[in-house]
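Both complexes below contain chain A, partnered by chain B and then by chain C.
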Partner chain A sequence: MDYTGLFELAWIIPILPIISFLIVGFLGQKIKGRGGIIAVGLVAAAMVLSLTIAYAALTGGLPEQGYFEQSFNWVVLGSDFTIQMGIYIDAVTALMLIVVSFVATLVVIYSLGYMHDEGDRRRRYFTEISLFVGVMLGLVLANNFLELFIFWELVGLCSYLLIGFWFEKPSAASAAKKAFLVTRVGDVMFLIGLVIIFNLFHSTSYSTIFSPEEIAGVDQTWLMWGVFFMFGGAIGKSAQFPLHDWLPDAMEGPTTVSALIHAATMVKAGVYLVARMFPLLVHAENVMLLIAVIGGVTAFMAATMALNSPNIKRVLAYSTISQLGYMFLALGAGGYMFALGLEEGNEELMVAGSLGFAAGMFHLMNHAFFKALLFLSAGSVIHYVHTEEMAKMGGLRKHMKVTSLVMLIGSLSIAGIVPLSGFWSKDLILETVWEGRLDSIIFLGLYVLAVLTAFMTAFYMFRMWFLTFAGEEGEATKHAAAHHDEHHVDSHGSDEHDHKESHGHHEAPWVMLAPLIVLAILAIGSGFALFIGSGFTSVIYFEIPYTHDAGYWLEKFFWGESSFLTYISLAAAVLGIALAYFTFYKKRVDAPAIASKPAVKPLYNMLLKRYGFTKGYDYVGEKIVYGFSLALDWFDRKIIDGLVNGFSKLIQRSGAGLRRAQTGFVQTYAGVVAGGAVAMMLLLFFLLKLLGIEVHP
Partner chain B sequence: MDATGIPLNWFLILSACLFVIGLAGVLIKRNAIVVLMSIELMLNAANINLVAFSVYNNDPTGQVLALFSIGLAAAEVAIGLAILLNLNRLRDTVDLNDLTILRW
Partner chain C sequence: MVEFTAIVPEIILVLFAMALPALGYATKNSKILAGFGLAGVVLSAVFTFMMANDLSVAYEFGNGLIRVDQFAILFMFIFLAVAGYVILASAVYVKDDKHQPEFFSLIMLATVGMMIVASSTDLFALFLGIELTSLASYVLVGFRKKDVKGAEAATKYFIIGGLSSGFSLFGISLVYGITHTTSFAGINTYLSWSVPLANPELLWLAMIMVVVGFGFKISMVPFHMWAPDVYEGAPTTITAMLAAGSKKMGFVAMFKFFLIGLIAIKADWQLLVGIMAIVTMTWGNIVAIQQTNIKRMLAYSSIAQAGYILMAIPVATEYALAGGLFQILTHAFMKGGAFLIVATLATVAIGETIKDYKGLAKRSPFMAFAMMIFLLSLAGIPPLAGFWSKFVLFSAPIDAAATAGAEWMTWLALAAIINSAISLFYYVRVIKYMYVDEGECKDKLKLPWSMVAAVAICLVAVIGIGLWPDPFIEYLKQAAHSFFVLY
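Now for the complex of A and B:
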């Protein structure tokens, strides 16, 4: 069936939320509810269109070449350099459209309840979040890297604005600045890479850049540097080591923002960029190896920091960094194998490599659902107890039955318990990395790190769940319960309701619970996307034949020859959960005692201090960058300004000197004229003499 | 040779002397009236040259031109004196060094 007409409507997708941005931004104050309904409506409309288009794209509706493109020339520089604007839809785009639009819609609906108490500020919130959804969808649909970069910067702006939503709090204001500046480091690298790529290909359009003939025709060393710098952009945006430290601070924003921007969508832009660059990256296996190493190290490091974080949102933030690391690890490992296979003409290796790609994208989707679920559940908890400190929570299970259940589902999913979604993708990632050990010994180390990460993931997620929902009631829980009961009685004007009935009112309103339930269903079920069609491998388009369908992969990895790896990853998850259960629920292990042992204490504190990265950033900012700026300032004031001022002084002085020549007396001028005439006559005379010319009257 | 028997060079030397005296007066003198008089000297030096060449070449055109030149000189002096008279009335001086109103 021909879906061209449908794909041609894709440009409307980002426009819809931007219309909401304009309406709510300019008229929000006059609308009841400060524009929340409008934002929900238009974002949901964008979602419907996105899902329709994604469905068409993923069920074989794309043209023969594997993508649909529609563009117009935006900037034409001479005959050679052209920059376009347009939309590009392939399987990866379709996947991102599903994730972004779907999670965005649920989060905006949830926001109606979560932001209810913010009053007039809701207008700003819904304005900014509409803009974010619009530009994020634009980023996904862009048909060239420059357009992607423009939207990339715009989502960065939205992130800044929303982290600093409560800007009167100094911590929020500085967190917003930190996020903006740290991602800026990556963005500058992205821009450098973009310029290199543009120079090589004389175009930024995907369809031009990704054609094998074009790639074969450019300098491979420069291509490597180009993709390396562009990957730098991905590091910043996706909070990878060493630019990861902004994400935990970004939790200063509203929890809905953390769920949408800093877990489900914007931070995935880096992963999306790497996935998008894949056809280029497979020609630079060194960069692929670097991506895998950075992914693996980040996954491990972030997981360790999540182990003892006292703040519920911070745990989720570290977990996000860690899971993003998994995605990069999968893309890097797969890409490395693919690059080697491409070099050697080894098709088996290329297929294994593309599986890594599929694993990364698969995890991206699953993570978006279960992490949004976890964040929104945490938001529901925070909404109820008005604190983010887990030490003050505890025992919330009795008060928030639905929330505790959906959060348990999310935790099981992220921990990788079969058959929830996290299991499938995480296992696929681990398998890919294990597969890579045959080509580079580094992957063996990365595999060990990844398994340890899986163990820690299960541990810290269940530590969080037990601390929040199980055990004795913390002070914040008691306070909140008392407060809500009182409120309940007041609102009904009678105290006939007994205590048990009023429990229902402790739970968040339905507008918040409904998105949680939808996400919980997805956190359970989205892993089964692996069983549809040719498995998740169909999200990629490369010029290699897909001879194997999902059954082959399932056979090979989950219950075939390397099924023992599946047992390892499952065992890691179960061990982690068990350890958390005995430590924080049964209290068989005395966690505070261990933490205060002299051998463990420094490590414990180091984790709380995030390995000193926070200090390190400050040091870099205050000492190195500021010092360098001072030097530049000196250079600017003294050398540059000195040169300019000195030049103008020279002109002024010499002008003042030369002015003396112009006396203003006619007689002086007449003297000069007379002297000049005489001099010319003498000159003429001697010249004629010299040349021996006789003049006769 | 010509009718007077005086060689042409003598006229030229005389006119050159007159011209240089006039030029010196124009360049050196401070009094505007003296400057005007010096200009007359220079003009007359030119006239002597014109008449001398005219006789020497036996061509009356030079003498006609000399007559024009005298007329022109008269007009010039008339205007120059008029300006100086007005200047004297307004600024009470004809000293060129005092007339610095347009100077930097």
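Now for the complex of A and C:
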């Protein structure tokens, strides 16, 4: 069937949330509920259109070349230098459309309840979140890297605004600034890479750049540097080592923002960028290896930081960084194998590489669902107990039955327990990395790191769950329970909160519970996308359509020759959960005692201090940049004066008319002008000597 | 018969400037005086536009000392636009000052000087234009002579300016001594016939001398030290003119001197100017970080922008020149707009330290929004005007680096991109103060409409160029092309 007419409507997708942004932004103050309903309506409409288009694209509706493109020339810089503006739809776009629009809709619905008490400020919230959804969908639909970069900066701006939503908290304001500036380091690298790519291809359009003839025609060394720098952008956006430290701080924003922007969508933009660049990256196997190593190291390091974090949102933030590391690991490992296969003409290797690509994207989708679920559940908890410290919670299971259940599902899923969604994609990633060991021994090390990460993931997730929901009631739990009982009696019958749910009056309102339940179903079931039709890997793949159907891979990896790997990863998960169970539920292991042992304590504190990265960033920002600036300014104002002091004094004594000017050292400036001329002359001679031009001074 | 067409726009401005003091006897109302001056600027722009419409005829004056071509037209428009918004904003800004007619009159005379520089084909005509602008701006900087800072700034500006003029005049006379001509085309012809020179040292000395004079105008490091003091001390609308107008005039002079006059000995100066560009942008950006006065911060940011624009000279391709011109164009609006906001807020007694901008978003949402857009555009955030001009300008050296012997130019682009990242540091701080922090006073501000209008013009330009950069780039490429072809 011909879906061209449908695809041509894709430009409307990002426009719908933008309309909501305009309406709520300009008229929100006059609308009841401050525009929340409008935002929900238009974002949901964008979702319906997105899902329709994604369905058509994934079920074979795409044109024969594998993508649909529609664009116009935006800027013409020269006869062959053009920048376009347009939309590009292929299977990866379709997947991203599903993830972004679906999670966004659920989060905006949830926000109706979560932000209920914010009063007039809800207008700002719904304005900014609508803008975010619009530009994020634009980012996904862009048909060239420059357009992507523009949306990339805009989502960064929205993230900045939303992290700083509670700007009266100094920590929120500084976290927002940190996020903006740290990700900018990555953005600068992105821009450098973009300029290199643009000059190589004289275009930024995917369809031009990705054609094999074009790639073969450019300088391969420059191409490598181009993709290397663009990957720098992905590191910043997806919070990978060493630019990861902004994400934990970003938790200062509302939890809904953390769920949408800092777990399910924006931070995935880096992964998406790498997936997008794959046709270029497979010509640079060194960069692919770097991606895998950075992913593996980040996954491990972030997981260690989650082990002892006292803050429920921070645990989830470290976990997000760690899981994003998994995705990069999968893409890097797959890409490395593909690159080698391409060089050697080894089709088997290319197929294995393509599987890594699929595994990374598969995990991206599953993670979006279960991590949004975990964040939103944590949001419900925080909404109820008004604290983020897990030490003050405990025993919440009795008060929040639904939340505790869905959070358990999310935890099982991320821990990788069969048959929940996290299991399938994580296992696929681990198997890909294992495959890679044949080509580079580095992957063996990465595999060990990844398995240890899986173990730690299970442990810290269940540590969080037990601390929050099980055990004795903490002070915040008691306080909240008492408060809510009272509130319920007081406002009986006239309560405008909608407490329809049957689990007593402690639970969140249904607008918050419904999205949680939907996400919980997905956290259980989205992994089965592996089996739909001819399988996930036959839809989302790179370059080589699968000659084997899904059954072949399932056979090989889950039941066949490589099935022992599956048992290893399952064992890691179960061990992690068991350890958490005995430590934090049964209390067989005395965690505080271990933590305070002299051998462990420094390590424990180092983790709490995030390996010192926080300080390191501050040091670079405050001390080095600012200090250097101070020194130059001082030089500008003062030191020159010392140099020409004699000269200055001489003139100072002459001419009382200049007295006014003397205070600002005008003589100094004149001295610098004269000295500058001499210095330039000397520099010129020096440079010319350097260039080998003869000089007779 | 002498054909005057080429200088009609200048003549109109001079006539209006002369008539203004006379009008001053009839009325003391600054709005009427500003309106009259603005009428002169608009009329001059209309004539410029008529010339722009038909460039098939060569408009020349004084045996070709002045020639109006596409490149000249572009800058005449930029200078007229700057004069226009400066006068508009000044109408209220100087309403309580003495000598208002002279104030407007001097702005127009300074503009005449700039326009002469834009259309000059000869070092002497160019020098006269620069001097005319300089003399007018010395007076304008010291316009509020009772203001201690202003008087000090004017004295400094005058002394350093005089010194620099001396340098460039000496350099020009040396150039004349070597090449027996002062026209750019003539210098080029002489040099291209006699390269390699038997005795190039003298020419290098002349070149450095001229650069000192021009470098003063564009505030190139190390000739930049006057700029922060003068920008801080001058009446703020005049600061806007210095940053957006007079500085750009310096670039026109640099372009003509290097890219036409000395293009034959390109190899001798390319690396030097490249290094000066990097030093200038880095110095400006780094010192800007810790400024507490917003005018000084913008002054250092201007120095950094000068470094970016300077890159166009060593790269020396049409594409690079188009990038430089584009950056000049966008900078005229974004930096001018930022200074105008400072000026506007000064009329309602908001100070000039960055801390005074705390909580501005609540007090005047429009001004805070406009300031944010200008600053983000200066930092090169897409899709604003500043992004596009930087994109074209920065990709030019990488493009040129593909030719043999020019590989080092990649470093130019790299330095520029890293620099623009550093600049975000100090721009974001202002935005944070305006939007995030609470100010001591929360009253809504009542701002004079004419100044708001001037800011709005700049805002529309910054956003408009950001969304539809194509026609501008197209035009600038033609201008750059005509620049290289016509000579």
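Rule of thumb we're sticking to: the second predicted complex is superposed on the first by the 607 of 697 C-alpha atoms of A that agree within 3 Å, B and C clash if a C-alpha of one lies under 4 Å from a C-alpha of the other, contacts with A are read in each partner's own complex, and residues count from 1 in each chain.
Assume a residue touches a chain if its C-beta (ideal position, glycine included) is under 8 Å from a C-beta of that chain, and two chains touch if they have at least 3 such contacts.
Note that the structure is a prediction, hence the values are computed from the model and not measured.
Contacts of A:596 after superposition on the shared chain: neither chain B nor chain C is touched. The wider contact with chain A, measured as residues touched, comes from C rather than the other of chain B and chain C. Contacts of A:65 after superposition: neither chain B nor chain C is touched.
Legend: residue contacts after superposition of the two complexes on their common chain; A:195 is shown touching chain C, with no touch to chain B.
By the document's definition of touching, of the two partners only chain C reaches A:177; chain B does not. Look at A:167: by the touch rule set out above, it reaches chain C but stays clear of chain B. Using the contact criterion defined above for the overlaid structures, shared-chain residue A:29 touches neither chain B nor chain C, since it reaches no partner. In the superposition on chain A, chain A positions 663-664, 666, 670, 674 are in contact with chain B in one complex as well as with chain C in the other. Here chain A touches chain C in the complex through residues 73-78, 149-150, 153-154, 157, 164, 167-168, 173, 176-177, 180-181, 184-185, 187-188, 191-192, 195-196, 198-199, 625-626, 628-630, 632-633, 636, 640, 658, 660-661, 663-664, 666, 668-670, 672-677, 679-681, 683-684, 687-688, 690-691, 693, 695-697, going by the rule given at the top. Residues of chain C that touch chain A in their complex: 148, 151-152, 155-156, 159-160, 163-164, 167, 201, 204-205, 208-209, 211-212, 215-216, 222-223, 225-226, 228-229, 267-269, 271-272, 275-276, 283, 286-291, 319, 381-383, 388, 391-392, 394-395, 398-399, 402, 413-414, 417-418, 420-422, 424-425, 428, 432, 435-438, 469-470, 473-474, 477. Chain A contributes residues 659, 662-667, 670-671, 674 to its touches with chain B in the complex. The touching residues of chain B, when paired with chain A in their complex, are 23, 26-28, 35, 96-97, 100, 102-104.
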